[in-house]
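Chain IDs A, B, C, D, E and F follow the sequence of writing; residue 1 opens each chain.
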Amino acid sequence: MNAPLTSAISRYPVPQLADVPADIREKILAVQEKTGFVPNVFLALAHRPEEWRAFVAYLDAVMNRDTAPGRLSKGEKEMIVVATSAANGCLYCVVSHGAILRIYEKKPLLADQLAVNYRKADITPRQTAMLAFAMKVCLDSAALAEADFAALREHGFTSEDAWDIGAITAVFGLSNRMANLTAMRPNDEFYLMGRVPKSPNATRASGA
Amino acid sequence: MNAPLTSAISRYPVPQLADVPADIREKILAVQEKTGFVPNVFLALAHRPEEWRAFVAYLDAVMNRDTAPGRLSKGEKEMIVVATSAANGCLYCVVSHGAILRIYEKKPLLADQLAVNYRKADITPRQTAMLAFAMKVCLDSAALAEADFAALREHGFTSEDAWDIGAITAVFGLSNRMANLTAMRPNDEFYLMGRVPKSPNATRASGA
Amino acid sequence: MNAPLTSAISRYPVPQLADVPADIREKILAVQEKTGFVPNVFLALAHRPEEWRAFVAYLDAVMNRDTAPGRLSKGEKEMIVVATSAANGCLYCVVSHGAILRIYEKKPLLADQLAVNYRKADITPRQTAMLAFAMKVCLDSAALAEADFAALREHGFTSEDAWDIGAITAVFGLSNRMANLTAMRPNDEFYLMGRVPKSPNATRASGA
Amino acid sequence: MNAPLTSAISRYPVPQLADVPADIREKILAVQEKTGFVPNVFLALAHRPEEWRAFVAYLDAVMNRDTAPGRLSKGEKEMIVVATSAANGCLYCVVSHGAILRIYEKKPLLADQLAVNYRKADITPRQTAMLAFAMKVCLDSAALAEADFAALREHGFTSEDAWDIGAITAVFGLSNRMANLTAMRPNDEFYLMGRVPKSPNATRASGA
Amino acid sequence: MNAPLTSAISRYPVPQLADVPADIREKILAVQEKTGFVPNVFLALAHRPEEWRAFVAYLDAVMNRDTAPGRLSKGEKEMIVVATSAANGCLYCVVSHGAILRIYEKKPLLADQLAVNYRKADITPRQTAMLAFAMKVCLDSAALAEADFAALREHGFTSEDAWDIGAITAVFGLSNRMANLTAMRPNDEFYLMGRVPKSPNATRASGA
Amino acid sequence: MNAPLTSAISRYPVPQLADVPADIREKILAVQEKTGFVPNVFLALAHRPEEWRAFVAYLDAVMNRDTAPGRLSKGEKEMIVVATSAANGCLYCVVSHGAILRIYEKKPLLADQLAVNYRKADITPRQTAMLAFAMKVCLDSAALAEADFAALREHGFTSEDAWDIGAITAVFGLSNRMANLTAMRPNDEFYLMGRVPKSPNATRASGA
C-alpha cells in the first residue's frame, strides 16, 4: 500500500551529481557549500533537468524576492511553507522547511507547532491571519473572495503581500505533490537542524 | 463576497505589453502570432516578471516535452489539465485549456465532458485510468501508493508516464491557485475555439 | 469502472418514440417541434412512463411557474440548474441547461462560468446570493437556517423566491441523480446551442 | 441560527384543508381515512398545489409500483427512505417513514437502527448491499460506476431493481431538501407508530 | 462488509455476570436494580476489567458531577450525548442515551429529533448553542477558538460549562469508537423507554 | 480567533502542585521523578480531580497493559498515539508522545514522520496496517467492518490486538479533544527529547 521501507530518496532513479548538467551541478554544489549537505530534492528532481530548472527558478522568485521592511519576512515565508505542506501531508517539505524555519526564527519549537496545528503556534495574530489565508489558497482556492483579502488588510497586509502568500502556497502545493509522487525522502540532517545550538557549517540553510 | 462583475482580467494591476521586460514581450508576441490574441494569463502574471519566467519555463517543461509514440499525447496532457482544473474550480484553466483540448483532439464535446465529470467523458479506459491517477495527485497526493502506480501499469503506462501525469497536475495545481488568487479572467475568444470549424488564424493554440 | 465509451444515451433500454404512451409521445413531439430535436432525457426516462409523467409535471411546476416582474427570471432559474448540477457532477443537466441558459440570457460565456465556479461568473451580487442559497440546499440542506433566508432578503428576495430557489435545486438534485444513475448522455446539439448566432429552428429551447 | 422553537409545521403558510383544490383535498382525506391523521407534508406542500400534485405523483410512481415477487418489497423501499433521509439530516422523512417501515416490517427497532448506522442494522447482507448502493446515489452519484451495479447483481438485484433503488433515493433527496427548506415538522403521531401493538385505526400507513 | 445479522451484543467474548470481578459485578447489579435490566455496555466492556473501571469512573465524573442550578442539567448532558453520538454513527449510544434523555426530559420526541438534526429539535436557543459547541468538539476540535467560547457566553454559559460540554463530548467520542469497534448492540428495552407511560421498575435510568 | 500568544499551559486555571489532592500529587511526583519534569497534562487536567483520576486510570489500562511477546510493543502503541493525534490536530499529544516514541523506538526521525504522513514513515508493512486500522477508528469508526479486521489478521494481529489498537485510538481521541478544548501547551522539554543522546535523568518517559 505504501512506499517500501527503504533509504531510497525517491521512487524514481536519482542521478549521480557527476551526471547532472553542469549548470544544475554548479547550483547544487553551491547549496552544499552553504548547507553542509545536498538536500535530496535537488537530486531527486534532477531526474528531469528542465523541470529542475523551472522549479528552482520558481522557488527563487517567490522565496528570495527582495522585500522591503514590513513585507513578509524570510521566517514568515517558511511558516507558510510548513503549515500548508503539513495540510498536504508532504513529509519532505515539512521536515526540510521546518529546519529552515527554526534557523530563521531562532525558535526551536515553532516548526513542530505549525505542522500539527497552526492555530496553537507561538505566533502573532497577524501571522495567524497570514496562515489562515494561505490555508484557504491551499485547500479551497475556488472560494477565495474579497472578504479574505479584507481580513489580511485588517492586519496591515497589502495586496502584494496577499500575492506573496498565495504564490508561496501555490509553488509549495506543486512541490508537495511532486514529493508525494516521488516518495521523496528528507535528509536525516534536517530533523535536528535548528533544535540545538548550530554547528559551524550550518550557518545558512537551503532546504528546497 | 466575490470578485466584482467586471471585465478586468485580474484583481492585480496588469501591465501594458509595452511595459513588460523585452524577453517576456517577445514570447508574448510569439503566442499572439500563433493564437491570434494574447491569452490573459500572460499579461496577468507579467505583474511579476520573475514568476512569469519560472511559470512559463515550467509549462514548457511539462507540456511540450518531446514524447516518443506511446507516451502521453498532447491531447491527453490537456485532458489532465481540464479535469484537474475543474476539480480546483479554476475558470481560467478550464476555459483556456478546454479550447486547446478541443483543437488538439478535434472533439468539440470533450472539454465540457471532462470539466463536469471525467467518468462520463468520451475517452478510453486507459485515459480514464490516467485521469483517476491525476485526480488523486490533485486531491489527495498524501495517500498516493504503489497500488496507484500499479493501476497505471495495467494500462501500459510507465513510471515516466506517471511522473508526467503527476507533474502536469502539480503545475496546474499551482496555476489554478494563482488564477483563483488573482481572479484571472479567460479571454472571451477561448469559449468558442474548437467548437466550430476553425478560422484561418487559429491554427495552433496556446492557452496558458 | 465507468460507463463504456459509447453513443448510447442511457445504461437502460430506450424506447422508440412509436412505442411510448400517446400522451408522452405527444409532449415529446411538441418539444421536438420547438427545439428541433428530442432531448435525450425525454427518451431515456420514458423507460418508465409513470415516472416520466411525474418528472415532467414537476419540471413544469418549478420552471414554468408564472412569475411576476421581480421574481426569478427564466434565465436565473437556469443559472440555478447549471450551478447545482455541476456541483452534483451531472453532465446531462449541465450541458443541456447550459444551452438553455445561453439562449435565455443571450450570454454565450455564462454557462461555462457557472459550471466551473459560480463565484467567478458574470452575474450580479443578487444572483450570487441566489446561487449561494441554492448551493446550500444542494450540498448541506440540513444546516439551512434563518441566516440563509436573511441573506436572501438583503438582496430583495422574498420567502417565495427562497422556495423557488430551493425547489428548483431539489428537483434537479433528483434529475442529476437519475442522469448519473442511467449514465444519460446529452444530445450533441446542446454543446453548441447559444454559442453562435442561432439557427432559425432553435428559437426556443427545452432541455429538461 | 435555526428555526424557532415552535409547533408550526412549516416556515411557510400552511393552507386550511378547506382551502386546498378539490383534487388535492380528496387525496388528503383519503390518506387521513387510512392513517387516522393528515401527515404534515401533505398540508405543508399544498402551499403550492402544482408542486404538490407532481410530488405525490412521483411518490406513487416509485413507492407503489407494482412489484413481482423477488423485487424490492415495500419494507425494503422504506429502508432506503430512512437510511438516505438520515444521511441528508431530514427529520420529517426519517420520523414519518421510520413509522411506516416499522409497520411494514413489523420490526420496531429497525428504523432507529437505519437512521443511525445502516451497517449495524438487523438486515440481510442483500439489504446492506441495497443500502450501500442507495447511499452512493444519495451522496456521490457522480461516481456511480459499473462496479456498483455489479455489486448489486452479486446479491440477485436486476438493473431494474437498481433503477428502483436509485429513483427512490433521488425522489427522497428532493423531499429531504424541501422538508429542510420549509423546516417541515413531523406529526407527533409518527414517533410512536409501529413501536407498540397497533391501534385499530392505524392498520395502514402513509407518511409522505 | 458489516457485522453479521445476529443478536450477539459484541464482536468480542462477553463474560457471564458470575465471572466478572466482584467490584464490577456489584456495580452492574446496582444498575440492574435501578434500570430493570443490564445495559449491554456493562457486559461488553467487562471483557477488559481495567478498562471497564476507568470507563465507568469517567462516565461518573462527567455525567453525575454535582451541578448547581444554572449549570448543565442532566437532560442537557444527555442531549449532548445523543447529538454527538449520532454524528459518530454510534447506534448503542444513540439508542441507550436517547432512552435516558426521554426519561429525564419527559419529552418522548426529543431523542429522535436530536439524532437526526439537532437544529430542528424542540430545544431552546441556549441549548442549540450548547450543541453547536459540542459538535465542534466532536468533529473539528483542532479549530476550537475564542469565538466558540464567546458564543457560549452569549447564552450565559461559563467556561466551566464549556469544559463540561467538551468533556462529555470527548468521553462519548471514546465510547462511540469502542461501541463501533465491538459492534455493541443496544438492549431491545431501550428503544421504547420513555416513549410510553413508564412501567414501575424503570423509574430511573442508566444507559451507559 | 485563536488562543492568545502565551506561555499559559491551559485556557483554564491550573492548580499548584501543593493544592491538588494527595493521591494525585503523589502520582504527579512519581512522574516528575521518572521524567525530570511534570508533563503539563497532569497539571492542566488536575483542575478537575475526578476526571484526572479516570483519565490516568484509562491511560494505564490501555498503554501499560501487560503484553506477551507478539502483542503490540510499547513503541507501537506510541505510534498509534502520534499518528491519530496528528489527524486530530492535537499539539500536546503529538509533541509529548512523539518524545516518548523516539525514546522507546530509539528512532529520532520516526515521530516527525508519523505526524506528517504515516504512509511515508520508516515502519514495517505490519505497522502500516496497524495505523490504517487506527486511522479508521479515529476518523470513520461508523464504517468499521469485518474487512478491516481481516486486513489486520493478514499481518498476524489477533482480535485482542484490534481492541488494543482501537482502545488506544479512542482514549487519545478523548485526550486530543480535551487538549484542544483547554489549549493545552506541551512542555518545552518534550520537543528535543529522544532527538539527541539522552541525559541521565530522562531514562524513562511519561508524557500522558
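Criterion: contacts are C-beta pairs under 8 Å (C-beta built on N, C-alpha and C of every residue); 3 or more make two chains touch, one makes a residue touch a chain.
Since the model is a prediction, treat every value here as computed from it, not as a measurement.
Engineer: Between chain C and chain F, how many steps is the shortest route if every step has to go to a touching chain?
Structural biologist: Tracing touching chains, the least step count from chain C to chain F comes to 2.
Engineer: Using the touch definition from the top, list the chains contacting both chain B and chain E.
Structural biologist: A, C, D, F
Engineer: Among all chains, whose Cα centre is located farthest from the one for chain B?
Structural biologist: The chain farthest from chain B, judged by C-alpha centres, is E.
Engineer: Mind checking the centre-to-centre distance between chain A and chain B? Centres are C-alpha means, answer in whole Å.
Structural biologist: 25
Engineer: So what's the Cα centroid distance for chain A and chain D, whole Å?
Structural biologist: 52
Engineer: Using Cα averages as centroids, what's the distance between chain B and chain F in whole Å?
Structural biologist: Once rounded, the distance between the two centres reads 45 Å.
Engineer: State, to the nearest whole Å, the distance from the C-alpha centre of chain D to the C-alpha centre of chain E.
Structural biologist: Roughly 28 Å, centre to centre.
Engineer: Could you tell me which residues belong to chain F and also touch two or more other chains?
Structural biologist: Residue numbers touching two or more other chains: 1-3, 89-90, 117, 119, 142-143, 145, 180, 183.
Engineer: Should the pattern of chain-chain touching be classed as line, ring, star, complete or other?
Structural biologist: Looks like something else, not a line, ring, star or complete graph.
Engineer: Go ahead and list every pair of chains that touch.
Structural biologist: Pairs satisfying the touch definition: A-B, A-C, A-E, A-F, B-C, B-D, B-F, C-D, C-E, D-E, D-F, E-F.
Engineer: Which residues of chain A touch chain C in their complex?
Structural biologist: Contacts found on chain A: 142-143, 145.
Engineer: Looking at the complex, which residues from chain D come into contact with chain E?
Structural biologist: Listed in rising order, the residues are 1-3, 5, 86, 89-91, 94-95, 98, 108-109, 112-113, 115-117, 119-120, 122-125, 128-129, 132, 180, 183, 185, 188, 191-192, 195-196.
Engineer: Under the definition above, what is the set of chain B residues touching chain D in their complex?
Structural biologist: 117, 119
Engineer: Looking at the complex, which residues from chain F come into contact with chain E?
Structural biologist: 1-3, 11-12, 47-48, 50-51, 53-55, 57-58, 60-62, 65, 88-90, 137-138, 141-147, 149, 159, 162-163, 166-167, 169-171, 173-178, 180-183
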